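Everything on this sheet refers to the single structure shown next.
Per-chain residue numbering starts at 1, and chain names A, B, C and D are given in the order in which the chains are listed.
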């Protein structure tokens, strides 16, 4: 696949991407924190932003809706998800990486004004969400260093798909 | 093809067609005249109908247009069609059967009021068109008996397609 | 995610606005009942008073979007109520029968992808600025679904001696064609669906005859009646029209099959070429079966090389071909020729005229050449019509 | 025939009127630039705030009309100007490159017919009056045309150690998925055409990723960026969503492949059956390759018989099946199960729950049963969800 005898090695279409435009567009954040920008945020600042820009859709404490429930701390006594069809899945009990919060909120939230928050604001609501999910203390500071270090309770449950063809069983 | 083992002989869908509805809908006319209705028409009557209902589209004498030229008597000295791309093709020099005129006009003409002529009117414009193409006399009467008997000059040129696949020639 | 109607619901819109400055910062229209075209795309057929041509140069692949399928009819598109629609089959049959649309849909069904082409699909203007659409836009391809005519023939009990049938439309020309019964047993269909949905009115709603590989006019649209007989009816569309002068002053009738043909759709007028690698693309088809090979010449016909054919290569179907070529910037002419599974090789116009005479008409399927100028302009290379 | 604009020209109309009393007596609209639907046909998708389902029970054959292709997106349909559109490929590559839409179209192209299905394509309401559209209308099929991603990978020089790539859309969610590079080399495409014409905005205009056989969300629409990397990015759509609880409290990630599935689309709710011969019809598909067989039971699962498959049976494609059956008027349940070329047999919901637990989510592909009542009413037979 890497060679194709029927084709020239290169067609020469397109133009080189400059370092600058790559830096501007390559906003993805990896679980190891690569991609996280400078800046930082706190739970306190996050509380204000959340109340002003998020609570109308996700509820005052993150559990009221009307849209996705964002807060559900992990509890040792809960039924495992495979036995509990109605169990709420949220950051505290289902998300495997904390970096995903920053990445997703910066891309897509608030739903009605995506891309409108500064990096510091995103760090702050991320901090608030982590705190509300009982994952960090009220005085924690969230930044490129601290965010990837947060161990998410659900991480240990994740397994990679091993389904295959053939005549079952149907895992 | 007439049998198909994978299917029942009959599905039983549909309803029987009655004699009456067949008679009402089966308006096609064969070159031997089968299908021609009762009634008759004359060149004189046809001239009036033609002038009133056809000439605006086909021209006062059938050659002026703006739509299809209907009149082009066969002439012995004309170049054969295969050598004369611009030669007008019309009833007198190109149509193989006279019955087609009745069948087509009754179905489709006048273009803006198809199906509006009585059978006698169709016989009459057919008579006029045949006369204009020098195929019948001015006093001829056209009806189910006389129409199929008219020998059309072009009839003798018609051959049935014999093209085949393979590598040519490209007849 | 439970989404309910609320302030969020107010964002529901229909239609896509012309581009936002930054689409990543503006929530777009939410899901709707019907998709739409981009406001930047305006594919259109080219209509005359008698037909409308498919924009072949704007299309990709083998399916023609239904609203871009070519049109050709003789008295406009009839308005038919599917609830009162009926198909009558009678004549040399045991049980003359009337089928409703619902009846037709109950029978065992078949789907097939095949082209339809008007046998008058050839334009030869003596000018350069014409497109594939202008030259041969009277061919299109759909996935058709319906009942095999053989199934209906068995149902009504067609007499062994019936040799022809008349197919009659319910348009304002009540258009008719005579068809050999053998084609009815072979692969004819009564189809009621096109590309997944009900046939479009322009293509015969609610049901049409489909004769794969045969000249389009024989696939009678809006079909209302089939009369089994022992001879052809010699209707206007098989005598005055759809016949062609051939050698020795003869006139050829019942020329049903569409000969193999191909057309390069890219690069073609009005494309503007850049030096370097070019993928030559186009369509090839044959009324006699599958396309076996398409050959490309990039040196005005001196040498020919095989193009790649896009799978699946289907029976009597538009087959997309591609050929990778490096244009060095010199003036040249490019052309394609189709070869079908019978070995038929798409001829030049010269060969066709030599075989049939200069006055011939329908069924012209010559190789088409596109001239590439030094400046990259691609124009039609007019046929020498002599 | 020379037809010029004149009194005749005045007859040109657009759109087809509701049925004339006798269509043979009234000249209809002449050819136009775009075809239309019959005013008697109103196929519609079923929209919610997050998706819109294809009306499977109203369709025939394997092509989904583009405006009936299902929709699923996370921040609406973005409005993108094709002239400013760009796709950037960077990360672990030799030559980070930006391609315009015109650049993408210049590369060697490929067309393929395949399905796309949302991995959330399963509804289990506990009621009878639901249609195939309701149950699994989040799957549709098109002929897609574009460039193989492998061609672009070669062009930019993907590093041998790159193992994953991020695909990023330019919608308002800037939606991202991590994809193994092996799929990129295998059969991934960047497609810009759908059923012959430009992709519709709802399906990713002007270009999307296409990963044949994989859950729809991975075929990132409106694609603007591909970043080659040595690991997955763990985006929201591959962690919070598109993962499913499985046995022993585990959560399954990167469940890409769509398992084999089928659905009877006729007779299905809201069809009303008549005694006698019935053609059972439906669709089967598998993300692992071709459909090998579809089996039908007309006795509530006691016995199974092979249905006919409509040719061509394509790789990772909706395959239409048909099965002739004589209904004697008794109450019964009919069902279909797909078997793909790997031998995978479409399971029951019971088997799925037994294997994964009752709390599982995406990738539910159980056999669906339709109950036929004595009076011919056909209703959904609700799954026992336990």
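Going forward, a residue touches a chain if its C-beta (ideal position, glycine included) is under 8 Å from a C-beta of that chain, and two chains touch if they have at least 3 such contacts.
Bear in mind the structure is a predicted one, so any value in this text is a computation, not a measurement.
Undergrad: Tally the contacting C-beta pairs at the A-C interface and at the A-D interface, and name the larger one.
TA: A-D
Undergrad: Could you give the separation in Å between the centres of subunit A and subunit C, each centre being the mean of its C-alpha atoms?
TA: Here subunit A and subunit C have centroids separated by 50 Å.
Undergrad: From the mean C-alpha coordinate of subunit C to that of subunit D, what's the distance rounded to whole Å?
TA: For subunit C versus subunit D, the centre distance works out to 26 Å.
Undergrad: Provide the C-alpha centroid distance between subunit A and subunit D, rounded to the nearest whole angstrom.
TA: Centre separation, subunit A to subunit D: 28 Å.
Undergrad: How many Å are there between the centre of subunit A and the centre of subunit B, using C-alpha atoms for each centre?
TA: One centre to the other, that is 76 Å.
Undergrad: Which residues belonging to subunit D are in contact with no fewer than two other chains?
TA: Residues 1, 3-4, 8, 11, 24-27, 75, 106-108, 172, 174, 277, 324 of subunit D touch two or more partner chains.
Undergrad: Two-or-more-chain contact residues of subunit A, please, as numbers and ranges.
TA: 7, 11, 107, 111, 114-115
Undergrad: Is the chain-to-chain touch network here best called a line, a ring, a star, complete, or other?
TA: Shape = other; not a path, cycle, star or full graph.
Undergrad: What are all the touching pairs of chains?
TA: Pairs satisfying the touch definition: A-C, A-D, B-C, B-D, C-D.
Undergrad: Which residues, counting only subunit D, touch subunit A once they are in their complex?
TA: Spelled out, the residues of subunit D in touch with subunit A are 74-75, 88-91, 95-100, 103, 106-108, 150-151, 153-155, 158, 166, 168, 172-176, 185-186, 224-225, 227, 229, 231, 233-236, 239-240, 243, 245-257, 259, 288-289, 340-345, 347, 351-352, 355-360.
Undergrad: Report the residues of subunit B in contact with subunit D in the complex, numbered from low to high.
TA: Touching subunit D from subunit B are residues 6-8, 11-12, 56-57, 65-68, 107, 111-116.
Undergrad: Under the touch definition given earlier, write down the residues of subunit B that touch subunit C in their complex.
TA: Checking each residue of subunit B against subunit C gives 1-4, 7, 9-11, 13-17, 21-22, 25-31, 79-85, 87, 89, 91, 94-97, 99-100, 103-104, 107-108, 111, 114-115, 154, 157-161, 163-171.
Undergrad: Give every residue of subunit D touching subunit C within the complex, in rising order.
TA: 1, 3-5, 8-9, 11-13, 16-20, 23-41, 43-52, 58-69, 71-73, 75-84, 106-111, 143-145, 170-172, 174, 192-193, 195-198, 200-203, 205-206, 222, 277-279, 281, 310, 312, 314, 320, 322, 324
Undergrad: Once bound in the complex, which stretches of subunit C touch subunit A?
TA: 1-4, 6-8, 11, 22, 24-27, 276-277, 324, 326
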